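Across the two complexes that follow, chain A remains constant while its partner is chain B and subsequently chain C.
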Partner chain A sequence: MARIGVFVCWCGSNIAGTVDVAKVTEEAKKVPGVVTAVDYKYMCSDPGQNSLRNMIKEQKLTGVVLAACSPHMHENTFRKAAVKEGLNPYFVEIANIREQVSWVHEDKERATQKAVDLMKMMVEKVKRDRPIEDVRVPLNKKALVIGGGISGIQAALDIANGGVEVLLVEKEPSIGGRMIQLDETFPTLDCSSCIMTPKMVEVNQHPNIKLYTYSEVEDVSGYIGNFKVKIKKKARSVVEKDCTGCGDCWNACPMHKNVKSEFNMNLSERTAIYVPFPQAVPLVPVLDRSVCLHFKKGGKCVKCYEACGPKCIDFDIKDEIIEETVGAIVASTGYDLMDNSLYGEYGYGKYKDVVSGLQFERLLSASGPTEGVIKRPSDGTTPQTIVFIQCVGSRDPEKGVPYCSKVCCMYTAKHAKLFAHKVHGSQSYVFYIDIRATSKGYEEFVRGTMEQDGAVYLRGRVSRIYEDEGKLIVKGADTLSGNQVEIAADMVVLATGVIPKKGSDKVAQMLGISYDKYGFFTESHPKLRPAESSTAGIYLAGMAQGPRDIPESVVSGSAAASKILGLFSKNEYEVEGTIASVNEATCVACFYCQRVCGFSAISRKEIKDRSGKVIKVVASVNPGLCTGCGACVNACFSKSIDVKGFMDDQIYAEIKSLAI
Partner chain B sequence: MANTDEKLQKIANDLLESGEVSLVIGYTKGSNPQRMRPAFITKTEDAGRLSFSRYAVQDLAVFLKKPEVKKFGKIGIVVKGCDEKALNALIQEYQVSRDNIKIIGVECNGIIRQNLADKGETAVSEATVYDKCLICNEHTPILYDYLVESGEPKLNVSGNIKPYAKIEELDAMSPEEKNSFWEKEFDKCIKCYACRQACPLCYCSRCIVEKNMPQWIDTNLEETGNAQWNLIRAYHLSGRCIGCGECERACPVNIPLMMINEKMARDTYELFGYKSGLDINAKPVFGVFSESDFNEFIK
Partner chain C sequence: MEDKKEGTVKSEGNNVSDPRIIAFVCNWCTYSGADLAGTSRMKYSDNVRVIKLPCSGRIDPLFIIEAFKKGAKGVLVSGCHPGDCHYISGNYHSRRKYAAFRDLLGFLGVDLNRIEFSWISASEGNKWVSVINEFTDKIKSLNDNSSDIFKK
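Now for the complex of A and B:
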């Protein structure tokens, strides 16, 4: 006979302010099977939990219902308390009367009625609960990091330093990501490559890190502790172990015009066989077969091969698929800039001297196309006047994106500062909407750009840019003085908004993690679980989650690493036992369940008789993969699948309790 | 006709003789010359009973779900174009293995409505065949191992008769009017489940209506239970029904079930561009998750 206890939580005034908790408690006492019902100010507090435990003991309760906040918050708290008194944790049910009642309703009487209904439903459910055992899955203690930018590098190093083997997969020929493209970094003006290359080298030399550059993750299946990963190592055409990185090959390459350097944001050319930048890690060139004369002209050109001392150029290397099993994954795929050409009025693409923020970084950089001397892309002269335009695409719900790209205020201030340092007597103008400089040393940095470096900040937007006698005429508004301004500039730098890396939505789909409408990966909880994705065993880092600066990216890489090291500190991972189970007697093997399963958790199972003859085929659930989402339950025509803890008879009884 | 029959008989004879199949399901002449009935041929000497005609209304694919038929293993089956679509759907849903089935397709130029045939109708015409024949695009079966051409003249469709005309009428009604129309129809239902038994795609060994812990669908004969049964049947067949019409033919109280099936088929095609039973390699429309699925209905 069921002996159910109902505990109604006030949550201070959060619930009690809108729900008559005493009434809910009185109503609970009337439900058949309920032997005790109490209300308490904070059930999650120590005294609250103790009263739950005492009641389980004294009243010999077989199940408890907590009318309280969302199970996301405290289901585990109460389950643990119940377990201490010998109850199976799944005999604890939560009626969510906070998020689903008090926070969303105003009318106290009707809110109370709804709370009573939810409580009754859960009583009916708990009466029909069966004990459930959690599933334990073994962990393969190896991690995969997707994306070798600063956050991925940080994650890989931290995990590797924790003694765990890491696979770091980078799409480009070198690791380094966006950060290695930057010149100096705000607010301390350390040179980006000076602080980053030691980390890149450390990655390359680390005994626990296996680095795959010019490679992409092609397929991921499996589940936490046991992800099967396919990595495509694209044909580099260079035997890595023999290459010394001497450069004879790219110096011999006749293709030194017409191929734009991606690393230099199209501001210079590169050869067909190339390293993206001198400090590349690994310092092994890649032969770009889409432009190489050997591949385009039927094998005639072999200049690089001839020039190569150790003869490590191999035109016949093919794409290679590497299969690995890992226990956890970090998704740190990074970002791109928005397409500037959306803003025709700024003339990007039309006027050579209108450049993006990242292009200006390359113009500032000593390893860039101008060796750190600021020159106009059009004629190579040094600009004296530069106009910087902030929020190009960001904070623009009409044409761009509504969010703030977060780094532009700071890097624009840095650009203006470095311009003043490099070109004495020059003048910069910054069009801005607001200045957002909120981290340590940031506000002072921007102030310095204005006050010491003489940048003129104009609050307003630019309406139009056109060329006139070699100058870029910038027309805009200064909303603080109320005047229209017209500036004859030599260059214009657009602080373009950031968007997720192209193809990151495909990565998310491959990993089975959720992403927002812009394509940024979504955290399991925006505040309390910022490093975790929606899928167990997959963690997030860097700009792939949303705009952030370098320190935040580094922190997020470390956070993901610490989560993985924590996970790997045990030998097994416990998965909630609320997973699907098949009634083999009634299953007719139509496999609609398999088709709709988003987690590939359903497979075919043959039932054999004693002589080994297959007498029936049925669906079978892999407990490690199943998340208990219930898609299969809906798809099953004969109702032959149930999710444990959410069995058909329980749902039915819940609905019935409402109808009567 | 005689030629068609001879060909069928020869194919069945050869299949049984070579041991490629141990059972051929086909049609044989009924005692009433204007009726056909199913025949189960297991011996070569019986192959001569096989026949086909404009009265071969039954969808023989329904028998493939029966355990007593399944146990024969390799089976040959005579199918019209519409029935063959049922076979395709069964293969799609893993109920029939393509390797275990020999498909003897017959060209069909329309089946005379049984009630008219019983009154002596012999001519195949727009006015005498089933509505499904008027919209049929598969007079020649899509998939077959053997094809038996029909000697019968082609069915001429002038378009003067609108198949399933009532659907448009209902579409124009208000929800209340529709509801009262179907309430009246479902009120007739006696829960005999003949519609289910006659359906080649209702193959569950335990139908949802037989699940009694809990009993989701009331089995008694009243408004709620009747509506529940007829609606769940419709939903379970939406995107799957191939329109053979056997449910409606089996219904002893004449509920116009094909109107529901055809409406669901039209909606499925309109919303998802999917027609059931056309391709054994296609994924069933409601067994597919696609990023591009429309979701405007989520408010």
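Now for the complex of A and C:
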């Protein structure tokens, strides 16, 4: 028999001013199952909680209803108090008579009637509560990081330094991401490779990090604490452990001039067997089979094999699938630049000397195609005048994307500055819409570009660029002076907007995390849970979440790492018990539930007899994945699945209690 | 009109000028939005009784029929905005389901004016207030005091 206690809180005058608490208490006593009902000034206070505890003990209550403030306020307080008296925490129900009654209604009689109704509803619910145990899932203390840019590297190092094993999977031949393509970095102008290379090396040498480059994660299943992952290690055609990185192979490769270097943003060529850049980590080449002559022409060319001292080139190596189990995952797949060819008026692709920001980084870089001497791609001469155009594709809902790419104001100021430093007497012009330079030292940095480095900033858009006698004629508006301007430039640099890395939507689908309409991964809460994805155990870092600079990418990598280290500080992960459960006796294995479950929480389970013969197949809920949303309950025609804490009979009883 | 009501029959309330309205809301968005209306001390019609569910995806169409059977004159279903769902896709399921379900209710003879679907986020206390007030006014204006909402 249910023995229910009802506790009506005054909340000072917050409730008692509008609701007749004595009346609610009297009405409670009349409800079948209620053995005691009291009202009290402040139920959440220590004496209030004590009276709740005493009553549970003395009256041997099997459930309690608090007619008080919103459950979002004190449900946990009262649950904890009840647990101390041996009650299951889920036998505590709250009738919200403050936020949803006394604070929003004025007529005392009618407000009291509503409070009584809500109290009765909760009594009916609590009578039908079943004990719910929170579920504990064991944790495999190993982490997977997808993407080896600065954010993923930071996450991997922090986790590894915390004593946890990390698998870092990078799809390119080397880690480093975009940052290693950059020359010097705003706002302090430290050389990107000088600060990045040591980190890359540290990753490679770290005893707790297993690095998989030229690899991709192919499949992920499971849930927090227990993700099964399949990593595809693409055939490198080089035996990594024997390779010394001497370079004899790529120097011997006859494919010199045919393949564009992705790392140099197509501004130079590479061989078929190659390392993307000299400081690559690992310093082991990849043989690009799509262009290699050995694979093109029936295996004739073996020049690299002949050149290689340790004979570590193996044309027969196959893709390899590695299976691992990890407890947590970081998604840090980074970004690409938008396609500039959408902006035909700027002549990208048509005029060689119209380049993107990343191409300009490569032209500035000492390890780049021009060894750090700025040269025009068309004729190799050094430009004297460069026009920079900001907000190309960004903040342009019509043709591009509506958001601000955040880094381009800053890198343009950097480009103009470095140009002034490298080419004396040169002149740069920057077309901008607004200047967004809001982090530490950023405003000063942009000011410096204008004032010390003499860049001319013009507020307005460029309407057209065309070539005339070896010059690029840039026509635009200076909206501050109201004049049309025409600049004869030697080069044009487009500050193109950033977009999520190609294929990151596939990664999100594989991981079961949500992403926004641009493809950026979405946080579990944009403010309060910025490092977590919508799926438990999967964390986010870097530009894959949205535009951000290096310091922010590093912070987010560290944030994801600290979340994982926190998770792994325990041996088990506790999941709220209000999740779905299947009545195996009535389940007819139609798996309609599986179809509607957005969390892949439902799987097939075989029930076997003693001899091991399958006698029945039923649906089974994975507690690590189920969120208790209840979508499956409505999909089930045989009424065999229900969500604990919100069972069908409870809801019908609540409705019935409101009958008029 | 014959009386088919079950449960505790109360004579007060639930006439044309004072209709009972039941709201099925999700815990994360709409319930929090309604709480926000409270913390902001906004005032709204006291005809509504809220039943809290984890997600609008948990709201079974049969709950709505049951609510009408138990004398509700209007039923509101409210969850997070599409795309904001705490459970990612829960509210898509409910949206899809209700499109089909409305037809069924219409077939059963329920005046579709008596059912309202609305997406209210945790920050939309004001929207909760206006949805409740407008829906209550609408139900009152239907000016139909039949105790049996199913016409057939």
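Assume the second predicted complex is superposed on the first by the 506 of 660 C-alpha atoms of A that agree within 3 Å, B and C clash if a C-alpha of one lies under 4 Å from a C-alpha of the other, contacts with A are read in each partner's own complex, and residues count from 1 in each chain.
Operating definition for what follows: contacts are C-beta pairs under 8 Å (C-beta built on N, C-alpha and C of every residue); 3 or more make two chains touch, one makes a residue touch a chain.
Since the model is a prediction, treat every value here as computed from it, not as a measurement.
Student: As a test of reading the superposition: which chain, chain B or chain C, is in touch with more residues of chain A?
Tutor: C
Student: Looking at the overlay, does A:59 come into contact with chain B only (first), chain C only (second), both, or neither?
Tutor: Neither partner.
Student: Determine, under the contact definition given at the top, whether A:630 touches first (chain B), second (chain C), both, or neither.
Tutor: Second partner only.
Student: Is A:96 in contact with chain B, with chain C, with both, or with neither (first, second, both, neither)?
Tutor: Only chain C is touched by A:96; chain B is not.
Student: Touching A:439, do we find chain B (first), chain C (second), both, or neither?
Tutor: Neither partner.
Student: Classify the contacts of A:106 with the two partner chains as first (chain B alone), second (chain C alone), both, or neither.
Tutor: After superposition on chain A, A:106 lies in contact with chain C alone.
Student: If you stack the two complexes on chain A, which partner ends up touching A:652: first (chain B), second (chain C), both, or neither?
Tutor: both
Student: Now for A:590: first (chain B), second (chain C), both, or neither, which partner does it touch?
Tutor: Touch status of A:590: first partner only.
Student: Touching A:600 in the superposition: chain B (first), chain C (second), both, neither?
Tutor: Neither partner.
Student: Name the residues of chain A shared by its contacts with chain B and its contacts with chain C.
Tutor: Shared contact residues on chain A: 596, 598, 648, 652.
Student: Quick one: which bits of chain A touch chain B in the complex? Just the residue numbers, please.
Tutor: By the definition above, chain A touches chain B via 509, 585-586, 588-592, 595-596, 598, 617, 635, 637-640, 648-649, 652-653.
Student: Spell out the part of chain C that touches chain A in their complex, as residue ranges.
Tutor: Per the stated touch rule, the residues are 5-10, 13-14, 20, 22, 31-32, 34-35, 37-39, 41-44, 46, 49-55, 57-61, 63, 66-67, 70-72, 86-90, 93-94, 97, 129.
Student: Sort out for me which residues of chain A touch chain C in the complex.
Tutor: Residue list for chain A touching chain C: 70-72, 96, 98-101, 103-107, 110-111, 113-114, 117-118, 121, 514, 534, 578, 596, 598-599, 627-631, 633-634, 643, 645-646, 648, 651-652, 654-660.
Student: Could you pull out which chain B residues touch chain A in their complex?
Tutor: 93-95, 203-208, 211, 213-214, 216, 236, 283-284, 286-289, 291
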